[in-house]
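Order of writing sets the labels: A, B, C and D. Residues in every chain begin at 1.
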Amino acid sequence: MTSPAKMSARGIEDYLYEVFPQMLRGGTERPYRVVHAGGDAVRVRMPCTEYLVRPGGTVSGPAMMALADAAAYLLIFARLGRVPMAVTTNLNINFLRMPGAVDLIADAGFLKLGKRLAAMEITICRDGEDVPVSHATCTYSIPPDV
Amino acid sequence: MTSPAKMSARGIEDYLYEVFPQMLRGGTERPYRVVHAGGDAVRVRMPCTEYLVRPGGTVSGPAMMALADAAAYLLIFARLGRVPMAVTTNLNINFLRMPGAVDLIADAGFLKLGKRLAAMEITICRDGEDVPVSHATCTYSIPPDV
Amino acid sequence: MTSPAKMSARGIEDYLYEVFPQMLRGGTERPYRVVHAGGDAVRVRMPCTEYLVRPGGTVSGPAMMALADAAAYLLIFARLGRVPMAVTTNLNINFLRMPGAVDLIADAGFLKLGKRLAAMEITICRDGEDVPVSHATCTYSIPPDV
Amino acid sequence: MTSPAKMSARGIEDYLYEVFPQMLRGGTERPYRVVHAGGDAVRVRMPCTEYLVRPGGTVSGPAMMALADAAAYLLIFARLGRVPMAVTTNLNINFLRMPGAVDLIADAGFLKLGKRLAAMEITICRDGEDVPVSHATCTYSIPPDV
(Lines give C-alpha, C1' and ligand atoms only; values in the text may rest on other atoms or scores of the structure.)
Protein backbone atom coordinates (compact mmCIF):
# COMPACT_ATOMS: atom_id res chain seq x y z
CA MET A 1 0.00 0.00 0.00
CA THR A 2 1.50 3.31 -1.03
CA SER A 3 0.71 6.76 0.24
CA PRO A 4 0.19 9.72 -2.07
CA ALA A 5 2.80 12.44 -2.37
CA LYS A 6 1.82 16.04 -1.73
CA MET A 7 4.73 17.46 -3.70
CA SER A 8 6.70 16.31 -6.71
CA ALA A 9 10.43 15.58 -6.95
CA ARG A 10 10.98 18.94 -8.62
CA GLY A 11 8.70 20.66 -6.12
CA ILE A 12 10.50 19.44 -3.01
CA GLU A 13 13.91 20.17 -4.49
CA ASP A 14 12.96 23.74 -5.35
CA TYR A 15 11.32 24.19 -1.97
CA LEU A 16 14.42 22.95 -0.10
CA TYR A 17 16.58 25.71 -1.57
CA GLU A 18 13.80 28.29 -1.20
CA VAL A 19 13.65 27.79 2.59
CA PHE A 20 17.31 26.89 3.04
CA PRO A 21 19.26 29.00 0.51
CA GLN A 22 22.43 28.74 2.63
CA MET A 23 22.75 25.19 1.29
CA LEU A 24 23.55 26.47 -2.19
CA ARG A 25 27.27 26.42 -2.79
CA GLY A 26 28.56 29.65 -4.16
CA GLY A 27 24.95 30.85 -3.96
CA THR A 28 23.75 28.74 -6.88
CA GLU A 29 25.03 25.16 -6.92
CA ARG A 30 22.53 22.63 -5.60
CA PRO A 31 24.31 20.03 -3.42
CA TYR A 32 21.36 17.62 -3.51
CA ARG A 33 19.24 16.63 -6.49
CA VAL A 34 15.95 14.78 -6.05
CA VAL A 35 15.89 11.81 -8.42
CA HIS A 36 12.51 10.46 -7.35
CA ALA A 37 9.87 11.42 -4.79
CA GLY A 38 6.77 9.56 -3.66
CA GLY A 39 4.69 9.62 -0.49
CA ASP A 40 6.69 6.73 1.00
CA ALA A 41 10.17 7.15 -0.41
CA VAL A 42 12.54 9.66 -1.93
CA ARG A 43 15.82 9.19 -3.77
CA VAL A 44 18.41 11.95 -3.65
CA ARG A 45 21.69 12.29 -5.50
CA MET A 46 24.68 14.11 -4.04
CA PRO A 47 27.11 14.91 -6.87
CA CYS A 48 30.70 14.56 -5.76
CA THR A 49 32.65 17.78 -5.58
CA GLU A 50 36.11 18.46 -4.25
CA TYR A 51 34.47 20.16 -1.27
CA LEU A 52 33.08 16.84 0.01
CA VAL A 53 36.26 14.79 -0.07
CA ARG A 54 38.27 13.99 3.09
CA PRO A 55 41.79 12.60 3.61
CA GLY A 56 41.99 9.23 1.87
CA GLY A 57 40.14 10.50 -1.22
CA THR A 58 36.64 9.59 -0.08
CA VAL A 59 33.43 11.49 0.56
CA SER A 60 33.57 12.66 4.20
CA GLY A 61 31.40 11.42 7.05
CA PRO A 62 29.81 14.85 7.65
CA ALA A 63 28.89 15.04 3.95
CA MET A 64 27.06 11.71 4.28
CA MET A 65 25.41 12.78 7.54
CA ALA A 66 24.17 15.96 5.87
CA LEU A 67 22.91 13.92 2.89
CA ALA A 68 21.02 11.52 5.18
CA ASP A 69 19.43 14.41 7.05
CA ALA A 70 18.49 16.22 3.82
CA ALA A 71 16.93 13.08 2.35
CA ALA A 72 14.80 12.65 5.48
CA TYR A 73 13.73 16.33 5.39
CA LEU A 74 12.80 16.00 1.71
CA LEU A 75 10.79 12.83 2.43
CA ILE A 76 8.72 14.76 4.96
CA PHE A 77 8.06 17.46 2.36
CA ALA A 78 7.06 14.82 -0.22
CA ARG A 79 4.55 13.23 2.12
CA LEU A 80 3.25 16.17 4.17
CA GLY A 81 3.91 19.22 2.01
CA ARG A 82 5.60 22.42 3.15
CA VAL A 83 6.81 21.83 6.73
CA PRO A 84 10.02 23.85 6.98
CA MET A 85 9.97 23.74 10.78
CA ALA A 86 10.23 19.98 11.00
CA VAL A 87 13.42 19.40 13.02
CA THR A 88 15.71 16.42 13.54
CA THR A 89 15.67 15.11 17.11
CA ASN A 90 17.96 12.09 16.68
CA LEU A 91 20.23 10.74 13.99
CA ASN A 92 22.24 7.53 14.14
CA ILE A 93 24.57 6.62 11.31
CA ASN A 94 26.85 3.66 10.63
CA PHE A 95 29.68 4.22 8.16
CA LEU A 96 30.14 0.85 6.48
CA ARG A 97 32.60 1.29 3.63
CA MET A 98 34.66 4.17 2.24
CA PRO A 99 32.81 5.25 -0.88
CA GLY A 100 35.69 6.92 -2.65
CA ALA A 101 35.20 10.23 -4.45
CA VAL A 102 31.97 9.46 -6.31
CA ASP A 103 28.36 10.60 -6.58
CA LEU A 104 26.23 9.09 -3.82
CA ILE A 105 22.57 8.10 -3.85
CA ALA A 106 20.44 8.23 -0.70
CA ASP A 107 17.14 6.35 -0.42
CA ALA A 108 14.90 7.44 2.43
CA GLY A 109 11.74 5.72 3.66
CA PHE A 110 9.51 5.86 6.72
CA LEU A 111 9.81 3.47 9.64
CA LYS A 112 6.89 5.33 11.19
CA LEU A 113 4.97 8.48 10.49
CA GLY A 114 3.08 9.62 13.56
CA LYS A 115 1.41 12.93 14.27
CA ARG A 116 4.34 14.32 16.20
CA LEU A 117 7.29 12.17 15.24
CA ALA A 118 8.54 10.64 12.01
CA ALA A 119 11.15 7.86 12.14
CA MET A 120 12.99 7.27 8.88
CA GLU A 121 15.66 4.99 7.48
CA ILE A 122 18.22 6.20 4.94
CA THR A 123 20.51 3.96 2.92
CA ILE A 124 23.41 5.53 1.02
CA CYS A 125 25.08 3.77 -1.93
CA ARG A 126 27.57 4.68 -4.61
CA ASP A 127 25.76 5.72 -7.76
CA GLY A 128 24.86 2.61 -9.74
CA GLU A 129 25.55 0.14 -6.92
CA ASP A 130 23.32 -1.42 -4.29
CA VAL A 131 25.85 -2.16 -1.55
CA PRO A 132 25.35 0.41 1.22
CA VAL A 133 28.31 2.63 2.12
CA SER A 134 26.42 4.09 5.05
CA HIS A 135 23.10 3.57 6.77
CA ALA A 136 21.22 5.97 9.02
CA THR A 137 18.05 6.16 11.03
CA CYS A 138 16.65 9.47 12.13
CA THR A 139 13.72 10.99 13.92
CA TYR A 140 12.08 14.28 13.04
CA SER A 141 9.70 16.22 15.22
CA ILE A 142 6.69 17.45 13.26
CA PRO A 143 5.32 20.84 14.31
CA PRO A 144 1.78 20.62 15.76
CA ASP A 145 -0.02 22.66 13.10
CA VAL A 146 0.62 20.22 10.25
CA MET B 1 44.45 10.64 36.16
CA THR B 2 45.13 12.57 33.01
CA SER B 3 46.86 11.44 29.86
CA PRO B 4 49.47 13.56 28.12
CA ALA B 5 48.68 15.30 24.83
CA LYS B 6 50.88 14.65 21.82
CA MET B 7 49.89 17.85 20.07
CA SER B 8 48.86 21.31 21.25
CA ALA B 9 45.61 23.13 20.61
CA ARG B 10 47.29 25.21 17.92
CA GLY B 11 49.01 22.13 16.51
CA ILE B 12 45.86 20.08 16.03
CA GLU B 13 43.98 23.02 14.56
CA ASP B 14 46.70 23.72 12.01
CA TYR B 15 46.99 20.01 11.22
CA LEU B 16 43.22 19.65 10.64
CA TYR B 17 43.27 22.22 7.83
CA GLU B 18 46.54 20.89 6.48
CA VAL B 19 45.09 17.43 5.86
CA PHE B 20 41.54 18.60 5.18
CA PRO B 21 41.84 21.93 3.36
CA GLN B 22 38.39 21.49 1.80
CA MET B 23 36.98 22.45 5.19
CA LEU B 24 38.19 26.01 4.79
CA ARG B 25 35.37 28.25 3.64
CA GLY B 26 36.31 30.37 0.71
CA GLY B 27 39.70 28.67 0.93
CA THR B 28 40.79 30.51 4.07
CA GLU B 29 38.12 30.74 6.77
CA ARG B 30 38.50 28.18 9.56
CA PRO B 31 35.07 26.80 10.56
CA TYR B 32 36.39 25.28 13.82
CA ARG B 33 38.77 26.86 16.32
CA VAL B 34 40.42 24.78 19.03
CA VAL B 35 40.00 26.54 22.37
CA HIS B 36 41.73 23.91 24.48
CA ALA B 37 43.36 20.54 23.88
CA GLY B 38 44.62 17.93 26.31
CA GLY B 39 45.17 14.20 26.10
CA ASP B 40 41.70 13.49 27.49
CA ALA B 41 39.56 16.37 26.26
CA VAL B 42 39.35 19.04 23.61
CA ARG B 43 37.14 22.12 23.37
CA VAL B 44 36.25 23.48 19.94
CA ARG B 45 34.42 26.66 18.97
CA MET B 46 32.29 26.90 15.84
CA PRO B 47 31.72 30.59 15.09
CA CYS B 48 28.23 31.22 13.76
CA THR B 49 28.05 32.26 10.13
CA GLU B 50 25.08 32.73 7.87
CA TYR B 51 26.09 29.53 6.12
CA LEU B 52 25.24 27.42 9.18
CA VAL B 53 21.76 28.73 9.86
CA ARG B 54 18.62 26.77 8.90
CA PRO B 55 14.94 27.80 8.71
CA GLY B 56 13.88 29.05 12.13
CA GLY B 57 17.07 31.09 12.58
CA THR B 58 19.08 28.40 14.32
CA VAL B 59 22.33 26.55 13.63
CA SER B 60 21.42 23.52 11.49
CA GLY B 61 21.56 19.88 12.53
CA PRO B 62 24.19 18.99 9.91
CA ALA B 63 26.38 21.86 11.16
CA MET B 64 26.23 20.40 14.68
CA MET B 65 26.87 16.86 13.41
CA ALA B 66 29.94 18.11 11.53
CA LEU B 67 31.11 19.95 14.65
CA ALA B 68 30.72 16.81 16.79
CA ASP B 69 32.64 14.73 14.28
CA ALA B 70 35.40 17.34 13.96
CA ALA B 71 35.78 17.62 17.75
CA ALA B 72 36.18 13.83 17.98
CA TYR B 73 38.75 13.81 15.16
CA LEU B 74 40.70 16.60 16.86
CA LEU B 75 40.62 14.73 20.19
CA ILE B 76 42.27 11.75 18.49
CA PHE B 77 44.98 14.03 17.10
CA ALA B 78 45.53 15.57 20.54
CA ARG B 79 46.01 12.19 22.20
CA LEU B 80 47.62 10.10 19.47
CA GLY B 81 49.26 12.62 17.17
CA ARG B 82 48.95 12.70 13.38
CA VAL B 83 46.40 10.05 12.42
CA PRO B 84 44.61 11.48 9.39
CA MET B 85 43.20 8.08 8.39
CA ALA B 86 41.20 7.61 11.58
CA VAL B 87 37.62 7.23 10.32
CA THR B 88 34.22 7.51 11.97
CA THR B 89 32.34 4.21 12.10
CA ASN B 90 29.26 5.32 14.06
CA LEU B 91 27.79 8.60 15.21
CA ASN B 92 24.64 9.05 17.27
CA ILE B 93 23.35 12.52 18.05
CA ASN B 94 20.42 13.85 20.02
CA PHE B 95 19.28 17.38 19.22
CA LEU B 96 17.99 18.73 22.52
CA ARG B 97 17.24 22.42 22.05
CA MET B 98 17.38 24.87 19.17
CA PRO B 99 20.52 26.90 19.80
CA GLY B 100 19.58 29.94 17.77
CA ALA B 101 22.14 31.65 15.54
CA VAL B 102 25.09 31.75 17.95
CA ASP B 103 28.64 30.46 18.34
CA LEU B 104 28.67 26.90 19.65
CA ILE B 105 31.21 25.16 21.88
CA ALA B 106 31.84 21.41 21.63
CA ASP B 107 33.55 19.47 24.42
CA ALA B 108 34.83 16.04 23.45
CA GLY B 109 36.17 13.34 25.76
CA PHE B 110 36.92 9.63 25.57
CA LEU B 111 34.52 6.93 26.72
CA LYS B 112 37.17 4.42 25.68
CA LEU B 113 40.42 4.49 23.79
CA GLY B 114 41.37 1.03 22.60
CA LYS B 115 43.95 -0.02 20.08
CA ARG B 116 41.51 -0.25 17.21
CA LEU B 117 38.49 1.72 18.32
CA ALA B 118 37.94 5.00 20.13
CA ALA B 119 34.52 5.81 21.60
CA MET B 120 33.94 9.45 22.40
CA GLU B 121 31.26 11.68 23.85
CA ILE B 122 30.65 15.20 22.60
CA THR B 123 28.51 17.80 24.33
CA ILE B 124 27.56 20.97 22.43
CA CYS B 125 26.48 24.15 24.23
CA ARG B 126 25.86 27.76 23.29
CA ASP B 127 28.96 29.81 23.94
CA GLY B 128 29.00 30.84 27.61
CA GLU B 129 26.28 28.41 28.71
CA ASP B 130 26.41 24.91 30.14
CA VAL B 131 23.03 23.55 29.09
CA PRO B 132 23.61 21.16 26.19
CA VAL B 133 21.87 21.93 22.88
CA SER B 134 22.99 18.63 21.43
CA HIS B 135 24.83 15.55 22.61
CA ALA B 136 26.62 12.94 20.53
CA THR B 137 28.55 9.74 20.92
CA CYS B 138 30.78 8.47 18.17
CA THR B 139 33.21 5.70 17.38
CA TYR B 140 36.37 6.08 15.34
CA SER B 141 38.39 3.26 13.86
CA ILE B 142 42.11 3.75 14.44
CA PRO B 143 44.38 2.54 11.64
CA PRO B 144 46.62 -0.38 12.71
CA ASP B 145 49.97 1.37 12.31
CA VAL B 146 49.38 3.91 15.06
CA MET C 1 23.70 -12.88 -4.59
CA THR C 2 23.27 -14.97 -1.49
CA SER C 3 25.92 -16.33 0.85
CA PRO C 4 25.87 -19.89 2.11
CA ALA C 5 24.95 -20.68 5.70
CA LYS C 6 27.39 -22.63 7.85
CA MET C 7 24.70 -23.77 10.28
CA SER C 8 21.01 -24.58 9.97
CA ALA C 9 18.11 -22.93 11.76
CA ARG C 10 17.92 -25.87 14.16
CA GLY C 11 21.69 -25.88 14.56
CA ILE C 12 22.02 -22.23 15.57
CA GLU C 13 19.07 -22.45 17.94
CA ASP C 14 20.50 -25.48 19.72
CA TYR C 15 23.94 -23.87 19.81
CA LEU C 16 22.59 -20.64 21.35
CA TYR C 17 21.23 -22.48 24.39
CA GLU C 18 24.29 -24.72 24.58
CA VAL C 19 26.64 -21.73 25.05
CA PHE C 20 24.14 -19.51 26.84
CA PRO C 21 22.01 -21.83 29.01
CA GLN C 22 21.13 -18.96 31.37
CA MET C 23 18.73 -17.79 28.67
CA LEU C 24 16.45 -20.76 29.25
CA ARG C 25 13.55 -19.77 31.45
CA GLY C 26 13.02 -22.12 34.31
CA GLY C 27 16.01 -24.00 32.92
CA THR C 28 14.15 -25.40 29.92
CA GLU C 29 11.93 -22.89 28.12
CA ARG C 30 13.51 -21.40 24.98
CA PRO C 31 12.72 -17.67 24.74
CA TYR C 32 13.74 -17.46 21.06
CA ARG C 33 12.88 -19.89 18.27
CA VAL C 34 14.67 -19.72 14.92
CA VAL C 35 12.08 -19.79 12.15
CA HIS C 36 14.52 -19.52 9.26
CA ALA C 37 18.29 -19.17 8.87
CA GLY C 38 20.39 -18.46 5.81
CA GLY C 39 23.83 -16.97 5.30
CA ASP C 40 22.35 -13.49 4.82
CA ALA C 41 19.27 -13.43 7.02
CA VAL C 42 17.66 -15.09 9.99
CA ARG C 43 14.11 -14.94 11.30
CA VAL C 44 13.49 -15.44 15.01
CA ARG C 45 10.22 -15.76 16.91
CA MET C 46 9.84 -14.59 20.50
CA PRO C 47 6.73 -16.21 21.95
CA CYS C 48 4.88 -13.84 24.26
CA THR C 49 4.90 -14.81 27.90
CA GLU C 50 3.67 -12.93 30.93
CA TYR C 51 7.32 -12.34 31.86
CA LEU C 52 7.84 -10.03 28.84
CA VAL C 53 4.87 -7.72 29.37
CA ARG C 54 5.24 -4.24 30.83
CA PRO C 55 2.69 -1.72 32.18
CA GLY C 56 0.20 -1.00 29.41
CA GLY C 57 -0.08 -4.65 28.44
CA THR C 58 2.65 -4.63 25.80
CA VAL C 59 5.94 -6.44 25.28
CA SER C 60 8.61 -4.42 27.11
CA GLY C 61 11.43 -2.44 25.53
CA PRO C 62 14.16 -4.56 27.14
CA ALA C 63 12.49 -7.71 25.80
CA MET C 64 12.67 -6.24 22.28
CA MET C 65 16.27 -5.11 22.77
CA ALA C 66 17.23 -8.61 23.90
CA LEU C 67 15.39 -10.09 20.91
CA ALA C 68 17.23 -7.77 18.49
CA ASP C 69 20.58 -8.65 20.04
CA ALA C 70 19.83 -12.40 19.97
CA ALA C 71 18.74 -12.27 16.32
CA ALA C 72 22.02 -10.55 15.40
CA TYR C 73 24.06 -13.11 17.38
CA LEU C 74 22.20 -15.96 15.67
CA LEU C 75 22.81 -14.37 12.24
CA ILE C 76 26.55 -14.43 12.94
CA PHE C 77 26.35 -18.11 13.86
CA ALA C 78 24.38 -18.86 10.68
CA ARG C 79 26.97 -17.20 8.48
CA LEU C 80 30.25 -17.85 10.29
CA GLY C 81 29.57 -20.92 12.42
CA ARG C 82 30.37 -21.28 16.11
CA VAL C 83 31.63 -17.88 17.31
CA PRO C 84 30.41 -17.61 20.89
CA MET C 85 32.84 -14.79 21.70
CA ALA C 86 31.37 -12.39 19.16
CA VAL C 87 30.31 -9.40 21.28
CA THR C 88 27.98 -6.48 20.70
CA THR C 89 29.78 -3.13 20.57
CA ASN C 90 26.84 -0.85 19.73
CA LEU C 91 23.09 -1.20 19.55
CA ASN C 92 20.63 1.50 18.52
CA ILE C 93 16.91 0.84 18.67
CA ASN C 94 13.84 2.88 17.80
CA PHE C 95 10.57 1.84 19.41
CA LEU C 96 7.93 2.69 16.85
CA ARG C 97 4.62 1.28 18.06
CA MET C 98 3.44 -0.58 21.13
CA PRO C 99 3.10 -4.17 19.98
CA GLY C 100 0.65 -5.34 22.64
CA ALA C 101 1.08 -8.72 24.30
CA VAL C 102 1.77 -10.86 21.22
CA ASP C 103 4.43 -13.06 19.67
CA LEU C 104 7.06 -10.99 17.88
CA ILE C 105 9.12 -11.84 14.80
CA ALA C 106 12.62 -10.41 14.28
CA ASP C 107 14.29 -10.37 10.88
CA ALA C 108 18.04 -9.75 10.93
CA GLY C 109 20.28 -9.05 7.95
CA PHE C 110 23.79 -7.74 7.37
CA LEU C 111 24.57 -4.14 6.52
CA LYS C 112 28.21 -5.17 6.38
CA LEU C 113 30.24 -8.20 7.30
CA GLY C 114 33.90 -7.32 7.64
CA LYS C 115 36.74 -9.31 9.16
CA ARG C 116 36.53 -7.60 12.51
CA LEU C 117 33.12 -5.95 12.60
CA ALA C 118 29.63 -6.97 11.51
CA ALA C 119 26.92 -4.33 11.19
CA MET C 120 23.38 -5.66 11.14
CA GLU C 121 19.84 -4.39 10.86
CA ILE C 122 16.95 -5.97 12.76
CA THR C 123 13.27 -5.29 12.11
CA ILE C 124 10.71 -6.49 14.65
CA CYS C 125 7.05 -7.00 13.73
CA ARG C 126 3.98 -8.55 15.33
CA ASP C 127 3.59 -12.12 14.17
CA GLY C 128 1.75 -12.14 10.84
CA GLU C 129 2.15 -8.41 10.17
CA ASP C 130 4.76 -6.44 8.23
CA VAL C 131 4.54 -3.06 9.97
CA PRO C 132 7.60 -2.71 12.20
CA VAL C 133 7.03 -2.19 15.93
CA SER C 134 10.72 -1.59 16.48
CA HIS C 135 13.85 -1.30 14.40
CA ALA C 136 17.46 -1.73 15.48
CA THR C 137 20.95 -1.57 14.07
CA CYS C 138 23.82 -3.17 15.88
CA THR C 139 27.52 -3.85 15.54
CA TYR C 140 29.29 -6.98 16.68
CA SER C 141 33.03 -7.38 17.10
CA ILE C 142 34.23 -10.65 15.59
CA PRO C 143 37.13 -12.32 17.46
CA PRO C 144 40.32 -12.45 15.38
CA ASP C 145 40.61 -16.23 15.10
CA VAL C 146 37.44 -16.70 13.04
CA MET D 1 21.00 24.17 40.27
CA THR D 2 19.27 21.00 41.36
CA SER D 3 15.66 20.03 40.89
CA PRO D 4 13.58 18.52 43.69
CA ALA D 5 12.67 14.84 43.66
CA LYS D 6 9.00 13.84 43.88
CA MET D 7 9.79 10.36 45.16
CA SER D 8 12.52 8.87 47.33
CA ALA D 9 14.98 6.12 46.41
CA ARG D 10 12.92 3.62 48.35
CA GLY D 11 9.69 4.98 46.87
CA ILE D 12 10.73 4.62 43.24
CA GLU D 13 12.17 1.16 43.82
CA ASP D 14 8.98 -0.09 45.45
CA TYR D 15 6.87 1.55 42.75
CA LEU D 16 8.88 -0.08 39.95
CA TYR D 17 8.05 -3.57 41.17
CA GLU D 18 4.47 -2.57 41.97
CA VAL D 19 3.74 -1.59 38.35
CA PHE D 20 6.11 -4.09 36.76
CA PRO D 21 6.00 -7.23 38.97
CA GLN D 22 7.18 -9.41 36.07
CA MET D 23 10.66 -7.99 36.69
CA LEU D 24 10.92 -9.86 39.98
CA ARG D 25 12.92 -13.05 39.52
CA GLY D 26 11.21 -16.03 40.99
CA GLY D 27 8.44 -13.63 41.93
CA THR D 28 10.39 -11.98 44.72
CA GLU D 29 14.02 -11.13 43.84
CA ARG D 30 14.56 -7.49 42.90
CA PRO D 31 16.99 -7.27 39.95
CA TYR D 32 17.62 -3.52 40.45
CA ARG D 33 18.23 -1.71 43.73
CA VAL D 34 18.06 2.09 43.91
CA VAL D 35 21.15 3.36 45.72
CA HIS D 36 20.34 7.05 45.43
CA ALA D 37 17.59 9.15 43.88
CA GLY D 38 17.33 12.88 43.34
CA GLY D 39 15.41 15.06 40.92
CA ASP D 40 18.37 15.18 38.53
CA ALA D 41 20.09 11.83 38.96
CA VAL D 42 19.55 8.29 40.15
CA ARG D 43 22.04 5.54 40.92
CA VAL D 44 20.95 1.92 40.53
CA ARG D 45 22.77 -1.28 41.45
CA MET D 46 22.28 -4.52 39.51
CA PRO D 47 23.58 -7.39 41.66
CA CYS D 48 25.27 -10.02 39.57
CA THR D 49 23.48 -13.33 39.34
CA GLU D 50 24.22 -16.38 37.23
CA TYR D 51 21.20 -15.46 35.12
CA LEU D 52 22.94 -12.34 33.78
CA VAL D 53 26.21 -13.90 32.66
CA ARG D 54 26.97 -14.66 29.02
CA PRO D 55 29.68 -16.77 27.34
CA GLY D 56 33.06 -15.40 28.41
CA GLY D 57 31.96 -15.02 32.04
CA THR D 58 30.72 -11.44 31.79
CA VAL D 59 27.41 -9.68 32.35
CA SER D 60 25.51 -9.86 29.05
CA GLY D 61 24.70 -6.97 26.72
CA PRO D 62 20.93 -7.38 27.12
CA ALA D 63 21.34 -7.28 30.91
CA MET D 64 23.14 -3.93 30.58
CA MET D 65 20.56 -2.60 28.11
CA ALA D 66 17.78 -3.53 30.53
CA LEU D 67 19.68 -1.88 33.37
CA ALA D 68 20.14 1.33 31.36
CA ASP D 69 16.45 1.41 30.47
CA ALA D 70 15.39 0.73 34.07
CA ALA D 71 17.66 3.48 35.41
CA ALA D 72 16.11 5.95 32.97
CA TYR D 73 12.57 4.88 33.90
CA LEU D 74 13.41 5.26 37.59
CA LEU D 75 14.88 8.73 36.98
CA ILE D 76 11.57 9.81 35.44
CA PHE D 77 9.71 8.53 38.52
CA ALA D 78 12.15 10.35 40.82
CA ARG D 79 11.59 13.66 39.05
CA LEU D 80 7.99 13.49 37.88
CA GLY D 81 6.37 10.99 40.23
CA ARG D 82 4.19 8.05 39.17
CA VAL D 83 4.29 7.91 35.39
CA PRO D 84 4.09 4.21 34.55
CA MET D 85 3.11 4.89 30.94
CA ALA D 86 6.32 6.72 30.07
CA VAL D 87 7.76 4.67 27.20
CA THR D 88 11.20 4.43 25.64
CA THR D 89 11.30 5.71 22.07
CA ASN D 90 15.04 5.35 21.37
CA LEU D 91 18.00 3.77 23.11
CA ASN D 92 21.60 3.83 21.92
CA ILE D 93 24.26 1.93 23.82
CA ASN D 94 28.00 1.50 23.39
CA PHE D 95 29.58 -1.51 25.05
CA LEU D 96 33.06 -0.37 26.01
CA ARG D 97 34.66 -3.09 28.11
CA MET D 98 33.63 -6.55 29.29
CA PRO D 99 32.70 -6.06 32.93
CA GLY D 100 33.17 -9.64 34.06
CA ALA D 101 30.68 -11.25 36.43
CA VAL D 102 30.28 -8.46 38.95
CA ASP D 103 27.68 -6.10 40.37
CA LEU D 104 27.14 -3.10 38.11
CA ILE D 105 26.21 0.47 38.99
CA ALA D 106 24.20 2.68 36.60
CA ASP D 107 24.11 6.44 36.93
CA ALA D 108 21.34 8.18 35.01
CA GLY D 109 20.92 11.90 34.45
CA PHE D 110 18.88 14.18 32.18
CA LEU D 111 20.21 15.64 28.95
CA LYS D 112 16.84 17.32 28.57
CA LEU D 113 13.47 17.12 30.24
CA GLY D 114 10.78 18.57 28.03
CA LYS D 115 7.02 18.33 28.32
CA ARG D 116 6.73 15.43 25.91
CA LEU D 117 10.23 13.98 25.67
CA ALA D 118 12.99 13.25 28.15
CA ALA D 119 16.52 12.56 26.90
CA MET D 120 18.79 10.85 29.39
CA GLU D 121 22.36 9.62 29.65
CA ILE D 122 23.27 6.47 31.54
CA THR D 123 26.81 5.44 32.48
CA ILE D 124 27.41 1.89 33.74
CA CYS D 125 30.49 0.98 35.79
CA ARG D 126 31.68 -1.99 37.82
CA ASP D 127 30.80 -1.51 41.46
CA GLY D 128 33.51 0.58 43.10
CA GLU D 129 35.12 1.77 39.87
CA ASP D 130 34.62 4.85 37.74
CA VAL D 131 35.71 3.57 34.32
CA PRO D 132 32.56 3.04 32.24
CA VAL D 133 31.89 -0.46 30.91
CA SER D 134 28.96 0.78 28.87
CA HIS D 135 27.32 4.09 28.06
CA ALA D 136 23.80 4.72 26.82
CA THR D 137 21.56 7.58 25.80
CA CYS D 138 17.82 7.13 25.64
CA THR D 139 14.66 9.05 24.99
CA TYR D 140 11.37 8.53 26.78
CA SER D 141 8.02 9.81 25.65
CA ILE D 142 6.09 11.37 28.53
CA PRO D 143 2.32 10.86 28.42
CA PRO D 144 0.40 14.14 27.97
CA ASP D 145 -1.45 14.14 31.31
CA VAL D 146 1.65 14.46 33.45
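Everything that follows uses one rule, which is that contacts are C-beta pairs under 8 Å (C-beta built on N, C-alpha and C of every residue); 3 or more make two chains touch, one makes a residue touch a chain.
What you are looking at is a predicted structure, and each value in this text was computed from that prediction instead of being measured.
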In the chain contact graph, what is the shortest path length, in steps, from subunit B to subunit D? 1
Which chain pair is joined by more contacting C-beta pairs, A-C or B-C? A-C
Greatest centre-to-centre gap (Cα means) from subunit A is with chain D
Could you work out how far subunit A has to rotate to sit on subunit D, using CA atoms and steps of 5 degrees? 180
Distance-wise, how many Å sit between the C-alpha centres of subunit B and subunit C, to the nearest whole number? 34
Distance from the CA centroid of subunit A to that of subunit B, rounded to the nearest Å? 23
Averaged over CA atoms, how far is the centre of subunit A from the centre of subunit C? Could you give it in whole Å? 29
So subunit D residues touching two or more other chains come to 89-90, 92, 94, 139
Hey, which residues of subunit C end up touching subunit B in the complex? 89-90, 92, 116-117, 139
If you look only at subunit C, which of its residues touch subunit A in the complex? 92, 94, 96-97, 111-112, 119, 121, 132, 135, 137, 139
Spell out the part of subunit B that touches subunit A in their complex, as residue ranges. 19-20, 22, 50-56, 60-62, 65-66, 69-70, 84-85, 87-95, 98
